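By written order: A, B and C. Residues from 1 in each chain.
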Amino acid sequence: MTDLDMSPGDELLELAEKQAALGEVRGGPAADPVNIPMIRHWLDAMGDANRSYLDKGVSPPAMAQVWTMPGVRRGVKDRSPVDDVLAALDAAGYTGVVATNCEQTYHRPARVGERLSAATRFSGLIGPKRTALGEGYFATWNVTWYGEGDAPVAEMMFRVLKFRPRRKSGTPAASTAPYPLRPAQNRDTAFFWEGVRQGELRIQSCADCGRLRHPPGPVCPSCRSTSRSYVVARGEGTVFSYVVHHHPPVPGRETPFVVAVVELPEGVRIVGNVVDCPPDAVGIGMELRATYRAMDDEVILPMWAPRES
Amino acid sequence: MSGTRAAIAGIGATEFSKDSGRSELRLAAEAVFAALDDAGLDPSDVDGMVTFTQDTNQEIAVAREIGAGELTFFSRVEYGGGAACGTVAHAAMAVATGMARTVVCYRAFNERSGRRFGQPDARLGGQPTSQGLEMSWHVPFGLMTPAAWVAMFARRYMHVHGATSEDFGRVAVAMRRHAATNPAAWFYQRPITLEEHQASRWIVEPLRLFDCCQESDGAVALVVTSVERARDLRRSPAVVTAAAQGSAEGQMMMTSYYRDDMSGLPEMSVVGRRLWEMSGLKPRDVRTAILYDHFTPFVLAQLEELGFCGRGEAPGFVRDGGIELGGRLPVNPHGGQLGEAYIHGMNGIAEAVRQIRGTSANQVPGVEHVLVTAGTGVPTSGLILSAG
Amino acid sequence: MRTLTEDQIEIGAVLPELSIDLTPTVVVSTALATMDFTPVHHDVEGARAQGSKDIFLNILTTMGLVERYVTDWTGPEAIIRRINVKLGVPAYAGDRLDFNGTVVTQDGPDYTVEVRGKVSLGDHATATVTFTLPSDETA
């Protein structure tokens, strides 16, 4: 049940679509070919003692973008399809910018003497999203670096958040703002949330027949007993199913975020967020460990992070 | 076939829009008037009323507006869109037991211009009622929209049966194709392609925008009375051959994640088994079905739970055009909620009646029995309506 | 300096930590070496005018430091195939950037290391770096 009608932000999204439709726009050749002085300077600044680049006459892979940087006096002729989108976002009040992702793949080393050129493709605009910094849009583009031929040397996916800066107020925000999605509790479920506050994942067990149960309840459906106890779960689990929430915005949350049904080795399932890993790294069967996150001064939620060996 | 001895004798609706400009009570009254006119009955004939627990218009308020007199039966059906066919089931029971003679079932809302069910509501998990506590295992984690709740099942269905986003997309494409030739549909003359589906943005992965039904303002009303009386009224009756409600073991509202393999809809299986038992019919006796389609993946699961195909076979069934007009089982000839309007499943029951009468904009030939289902992912209900 | 061989790399192995004091010189010299002349990386007043508390590391440098952190450990002959960085809090001049890393997967010839670069405000960069070792003939 989601709206199919136009909203004010659709203009931005339309422009983004138009720019994306331009496809890959190739820039001019770099001002300088790959060269030893710039490599030496870069290694020096990075504190990188690796001599092999200079010995072999190749560029360090992470230097790929450096070769096509525009320099101090950026010309207007090399505008990429990204610029119009960012300008439109500025004009719409989303003046803040923060980069969120930079993913580079290196196909082959760039050799000294080669003059690289960069091709830019605008690949998408997502928003508006409520973020910790303010409402904003995520803009993503892809850059491919070519040598003299048509085979790519390296490529990059780059994503920024363009946000509408919040007005400065007297008190620092976020940390003290009450988390809006508070769990209801009663005498049947309080033990679980008390456990979470102590960093424990408590699973209700029947004090008579021993059956484990989650979510908990007042009566054992197996033996009618109302004598309840709990076991503390090991805090491990695997993803049984999961979703990546993009839209609409959820109060107290930044999108996208992952929610999973987690299967515990104890034999019950529980729902929670998967954190500390990008959404596209989550899959059914992924191994997780429990972690506990304070959402405000009072609410702590059990969550799940990738299990590290 | 003994049936329930009740029939739907009249159907009525407002226009379907994004902003009705009227109160929900006014919409309810307009739809009820239309249904009574269709049946050739007068408001003074109405002695029973049924609606959804979620409806904001009390039965007595609608009764006052339409000028009905005394009521001897009133009832509400729970669980969101799962109530739709349940309203007719309750009405049929009232008619069969003699509690009432003429029962009006209605659903009216400004779901697009007023309170939108697709928007997060932080109060969902706030109260320590049984439902608030149930929601509290999910809402604090931001799992709080219908699309998100359904997406969790959809991901598991994909994993277990190898289904893809395109399989879901084919449902949306079929519904929009049907709506394109139904003048009452919001998406009349606006079909979409599978490519457009695939290009539509993520709402909650693995659901895209076009996997989610639209939001609508509008109202639908149905008049239920005895089969004998219905035969004497203006329109040919749609006999309630079978009616059932269904809840399965470990049932929850949209979040039954703690049972079985999560790739099916056991509560719809409960409904389906009862419908086939009561009617003595088999899936092959049904020419067209109205399957609740607030989200595309559950249309696939319903085809399996109701026995129209085997488990895991629905993607293939749909890929072969099986649910389209002219296919093995045309589903939602009116375009469903994806294409016509989201009136919580009540507009689907009205379409089933038109198919029985032979008056649908997209009439399926040779219809004698229509199976109708209500909301999925929730405790639900279903009907088999027959000519007679 | 030697390059690691296959039998020297174990899944779960922890890379030696690396701490880098982010002096203004480091921030400015790396910005210039990466040809990034945006004022927030060299002009304190300009950075403050934009709401930052000081100048901060540019992204091209973060990529370079992550690469360096991994090749410091693998040795010079390892070939970096991919660096995916999720950017977090800014790394301001005056702070210290602490890297730690763990070998997480091997997929055929590809090894993946998870790298975390922390500053006093939290994670500045969370990265995965994929590399291959030189084939036996050249090792």
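Keep in mind that, in the parts below, a contact is a pair of C-beta atoms (placed from the backbone, for glycine too) under 8 Å apart; a residue touches a chain by one contact, two chains touch by 3 or more.
By chain, UniProt protein names: A = OB-fold protein; B = Acetyl-CoA acetyltransferase; C = Acyl dehydratase.
Worth saying up front: this structure is predicted, and the values here are computed from it rather than measured.
Asks: So which chain ends up closest to the centre of the protein, judged by Cα positions averaged per chain?
Replies: A
Asks: Could you quickly compare A-C and A-B and let me know which has more C-beta contacts?
Replies: Of the two interfaces, A-C and A-B, more C-beta pairs touch across A-B.
Asks: Centre to centre, by mean C-alpha position, how many angstrom separate chain B (Acetyl-CoA acetyltransferase) and chain C (Acyl dehydratase)?
Replies: Chain centres of chain B (Acetyl-CoA acetyltransferase) and chain C (Acyl dehydratase), defined by C-alpha means, are spaced 55 Å apart.
Asks: List the centre-to-centre spacing of chain A (OB-fold protein) and chain C (Acyl dehydratase) in whole Å, with centres computed as mean CA coordinates.
Replies: Averaging C-alpha atoms per chain gives centres 18 Å apart.
Asks: Could you grab the centroid distance between chain A (OB-fold protein) and chain B (Acetyl-CoA acetyltransferase)? Build each centroid from C-alpha atoms only and quote it in angstrom.
Replies: Taking the mean C-alpha position of each chain, the two centres sit 37 Å apart.
Asks: Using the touch rule from the top, collect the residues of chain A (OB-fold protein) that touch chain C (Acyl dehydratase) in their complex.
Replies: 38, 41-42, 44-52, 60-63, 65-66, 69-72, 96, 98-106, 165, 276, 278, 308-309
Asks: Where on chain C (Acyl dehydratase) does chain A (OB-fold protein) make contact in their complex?
Replies: On the chain C (Acyl dehydratase) side, the touching residues are 1, 11-12, 20, 26, 29-30, 32-37, 51, 59-68, 71-72, 76-77, 80-87, 102, 104, 126.
Asks: Where on chain B (Acetyl-CoA acetyltransferase) does chain A (OB-fold protein) make contact in their complex?
Replies: Answer in residue numbers: 18, 111-112, 116-120, 122, 125-129, 132-148, 151-153, 155-156, 159, 201-206, 209, 212-215, 255, 257-258, 262, 294, 342.
Asks: Per the contact definition, I'd like the list of chain A (OB-fold protein) residues that touch chain B (Acetyl-CoA acetyltransferase) in the complex.
Replies: 1-5, 126, 179-186, 188-189, 214-215, 240-253, 256-257, 259, 261, 268-273, 279, 284, 295, 299, 301, 303
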